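Each of the two complexes below includes chain A, the first together with chain B, the second together with chain C.
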Partner chain A sequence: MSIEKRPLALTINGNKIGPVDTPVGMPMIDFLHEHLNLTGTRFGCGQGICHACTIMEIQPDGTPIESRTCIYDAHFFNGKTIVTVEGQAKRDEQGRLQELSPVQQAFIEHFSFQCGYCTPGFVTAATIFIESLKRQPVKRADLQSRIEAALNDHICRCTGYVRYYQAVQDVALKTPGCVIE
Partner chain B sequence: MKRRGLRNALVLILIVLVLLALAVLFGLFRTSSVSPDVKQALTEAQKQELLPRGRELALAGDCFGCHSKAEGPKAAGGVPIATPFGILHSTNITPDPTYGIGQYTREDFHRVLRDGIAPGNRNLYPGMPFVFTHVTRTEDIDALYAYMMSLPPIAEPNVPNTGVFTLPVRPFMNFWTLINFPKRQPPTREGASEQWLRGAYLVEGLGHCASCHTPRNLTMGVSFDKHFQGGDIVDGLMVPNITAENLAQRGFDAASLSQYLRTGMSAQGTAFGGMYTVVHFSTSEMEPTDIDAIATYLMTDENGQLLTPPPGPAPLAQASQPILQPGRYHYASACAGCHGAQGEGIPNVAPPMDGNTAVMMGNPTNLITVILEGVPTQTFTGNQRMYAMPGFADRMNNEDIALLASWMRAQWGGQEEAVTAAQVQAIRAKQ
Partner chain C sequence: MRGYGTIQAMSITELLVDEVAAELGMDAIELRRRNALRPGEPNTQGAVQLGDPRLVEMLDRAAQHPLWTNREQAKAKYDAANPGRRYGVGFAQVQKDYGTGADTSALLLEFDAEGKITMRHCVQEIGTGATSSQQVVVQRMLGKAPDVVIFGETDFPQLPLKSNFEPFTISQQQQDELSRDPFWVPAILPAMSASNSVYFIGFGTKQAAQFLFENTVWPAAKAIWSSGPAGGQLASGVMTAADLRVVPGGVGGGGMAPIPFADIARKAHEMGLVTGVAVHCFSRWQWARADFDIPGVGSLNLAVDALAVRYGDGAPEALKARMNTGGYDFIKRSAVQYPSAQRNNAGVTTYTPAACLVELNVNTFTGKVEIMSHHSLLDPGNVVVPALVSGQQQGGVAMGIGHALMEDLPLYGDGPGNGTWNFNRYTLPRAVDVAVWTQTAEYLAPLADSSPPKGLAEVVMIPVVAATGNAITHAIGSRFYRLPITPAKIKKALTI
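Let's turn to the complex of A and B:
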């Protein structure tokens, strides 16, 4: 029996991809790794629990949400716009790294991760959280609990989360308009 | 003369009716089923001896499911129960003398469970399933009393009810009980096994399964003539039919039903919604022999036949017709990662869809609701857990959900009636 394929077209990190015939039921993470060589997104539990495979999906109104790529197939993202961890930093026209995103930079400065396996997911979740604060600022007193709630689903087995959370707090406090008294 | 006679007759009838109504209101038609023997208090030694039996019966009655808040102290009440007339709150049933039932005598306790009347002649609202606990034997109510009085007392005040229930409406419950409180006995059957009799006693009594699984009539009384046929909406979900025939059709036999009640997990899906509370607080904690008895009783049909499941439904022809292919693609995209490409599920991750109760039910309410809202992370017996299923309310439109549900029903549920976008919208609008 031949593999059933359907055309798939989407926008990843600002680049239009496809239409390309893609197997029905192929997990999105396999499509990213095997078809596009975007290997930054991590395959963890394969059950949607650890959130290491989380990427950013841009909704039609421009707000980003988290999407797990191990439990959804590639066609789930047909016609959508997504950003993987490769699309977070600023690059020049040749694709060379210019500047890390504020969240990425803060994770490095705070020594937030050790093995780094969960980091792409944390970068995505933290960036989406900061974006949400720009639209709707949080009171300073509530910031800590909001960070914990926003990153709660992401599992890290090395650092115990504290340094991730401190880094995100740092970015929130430094980014104008995110925190109100 | 004739006219005056007619008028007098009418007035007389009216007076009789008013007197009758007053008699009902003052509870003159309310007889007690409590034996006078229980006026005598139990000795400490008797209470001690009854404790283990009382614990098992309290679990069978799922007392703590309604009388404990999700993260609150055990048996201290405060769980809101929404009714069309206002919100009732379950009460503190710890033996606290001020806020709980610490002052209840043995007789008081018997009157609550058998008559639905609390001390001070206060009628209980039918949120308390006294229509069912009524059948419990005297010695078992004693055991329950001994056990409840052995719990740690918690000084948690009761939460006031709202709506109509803030008014002095308790006497009016006498009208309700007149219509809806039949004198019931646990069922018996000639030649029935001890196991069946035990199951019947628990299911029809303390277990109060019919409280949800039998539809309610217009006055919110239990329609015993539609026993276990389900169909009411409780907390947004449609209660499944649990007649023996229907359970067998959905793939259950006594062994697998017992396993479901003990663990919350089965080939037909995991317990969710209100049934999760039942499994969590009640059936998973009970003695396995009692659960086997309950399963045996539920799987026995009216002729005394213990039913076994027929082969599951084959995929219907329409599942492979072009019109439903988008539904199949949606399943492959959004669902198959966890529930399996063939709907076979992944053990300890996600239940199978092939033969899943929500997929097999004629009414698609539960299937649509779960697709829209997802299911929260739940823990099960033996350190098992199922991670949350995401809801798709923000990710799929009504048309796509209708196609997905229609295809799943045709593929695995034997249900040919297609789900419409309007049905999805109607459920979405209630969220």
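Let's turn to the complex of A and C:
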């Protein structure tokens, strides 16, 4: 029995990928792991519930949204632009790390993660949340509830969420234009 | 689930303590206070705890917390203002052991003539930050963090140890016979379990750093402070190793000018002092001790059961010739005092107390519980890295709330072994379930700067379970004897 394949082309972390013949029905996370060696995205429940496998999908108008890679096939992303956790930090032309993103840096400074399994999903969700605040600022009094609404889908078994949420609050308060009185 | 086995029994026990208090018409914290273990009192197995249990002190603090003192007024006010919801506050306190009863630590700590410190360590990182805390221990004791660290080390050629790996079942006679071999130890490497890293594995780190501090840093610093005109800055006073301190700028104390670690290292190598040490420790609820005759240092009785040293660049050739075991001189112990095999029966001596107050409301239509806030109390001893302690504590509370309210698996064939259980029906707490913004905690200040750090990653999840159950009882008057306390169980209780 042969596996049916179809060409897949997309942009990942600024790099054009494909067209590459890809098995039909292959979950996106398997494509990232097995074809591209982008192993930072975590496979959790495989049911789209824990959100560990979340990556950033850039919509045509440039706004990022969360997409789960365990329940979406690789071909769901055909022609799209995505950013995985490997694409969050600034790198030089040789791919060497130059600077962590503000969210990544805040997670480190706040000791936000422990085992780290859910962290790529949290980095992605928090970054998208901060980007949304840049477009539409939140009142200071509403910031905590907005963080909770934005990140509540993401399950963490180690930390009790406190240090993730405090870090995101910190980034929101320090990023000009995100929070209004 | 952290602390498996104990969380189930302790949670139900703490629910029953509240029930007993109600039967007696006594304040639930006061009942606990009257029955709490005091220092030096044996537990149910006859073991006497290391140090002050601090249970009474913690209970006294909890009893004064506004959540507890105002609970009846708060309930009356909340229930009147929120038809369909009932307010409750609950409390619980437990103490949980840390360590396994056969705890070990093994590491190598050395520095070169430029002051570059290298640490090879058995500790494995499982997300608790154990690798960070071991480095901080070294930094605090030597005034400089290691420059190179290798963790998860399982092979120390400098310590060619052997074991029969039966620390829990060994007879006293067998232990006495085997321990005559200076290469024998009851167990070689630790598991990463039982909240054992900061105290038990860190104990080895402390022994290694302390050895270098006392036997290398001190003589090197003394030589530097004693050089120059008129015998140097040290000559006119009286300073001993006990006065030596890590200070800003390096090593100082006794009023001496601080010396950067790099200068200490250069001097130590020049003098041929011990510049590297490899240690192995063992505890069976008591640390093994052994005697070592160390060239250039003398005879020492140390809380380690195996020791190897490396001599500095300036050491005589005769000493360097002894460094034939992984580049180190393995110092055969001349005598060893292992904790009695009987300690396997007497049980645990290292405990951490923790308590929790939970404030919640119960929706009487849906049976759903909303945790409004919680306040944790913990005695962590001397904290090594505060953010790691609070991180474990916050995570433990969230896990405990899941255990109390939502996490459930059936037994036998329909249970987790059938391979179909996942997060779609095994519900885990999310941020909205754990009062992420309103939770607070207080940690008892250490009794002294020499109080050891305490293992805590398991105990922190336990009191919140029973505190949640006791709060539900306060809210609706019903008692529950099986966890989790689900909306269905609450609705059933409300209709009886």
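Here is the rule we go by: the second predicted complex is superposed on the first by the 181 of 181 C-alpha atoms of A that agree within 3 Å, B and C clash if a C-alpha of one lies under 4 Å from a C-alpha of the other, contacts with A are read in each partner's own complex, and residues count from 1 in each chain.
One rule holds for everything that comes next: a residue touches a chain if its C-beta (ideal position, glycine included) is under 8 Å from a C-beta of that chain, and two chains touch if they have at least 3 such contacts.
If you're wondering where the values come from, they're calculated on a predicted model, not measured in any experiment.
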item	value
Combined model on chain A where chain B meets chain C, clash or fit	fit
Which of chain B and chain C A:I49 touches, first, second, both or neither	both
Partner chain(s) touched by A:G40 [first = chain B, second = chain C, both, neither]	neither
Touch count on chain A, higher of chain B and chain C	C
Partner chain(s) touched by A:P137 [first = chain B, second = chain C, both, neither]	neither
First, second, both or neither for A:G18, with chain B first and chain C second	neither
Touching partner for A:C70 - first (chain B), second (chain C), both, neither	first
Vertex chain A, arms to chain B and chain C (CA centres, degrees, nearest 10)	100
Partner chain(s) touched by A:R6 [first = chain B, second = chain C, both, neither]	first
Which superposed partner A:F111 touches (first chain B, second chain C, both, neither)	second
Chain B versus chain C as contact partner of A:P27, first or second or both or neither	first
Shortest CA-CA distance in Å separating chain B from chain C in the superposed model	5
Intersection of the chain A residues that touch chain B with those that touch chain C	47, 49
Chain A partner contacts - residues on chain B that touch it in the complex	329, 332-334, 336-338, 341, 346, 349-350, 387, 390, 394
Chain C contact footprint on chain A (complex, rising order)	44-47, 49-50, 110-111, 113-116, 144, 148, 151-163, 165
Chain A residues touching chain B - in the complex, by the definition given at the top	6, 24-25, 27, 47-49, 65, 70-73, 75-76
Contact footprint of chain A on chain C as seen in their complex	126-129, 387-388, 390-392, 394-399, 422-424, 428, 430-432, 434, 436-437, 439
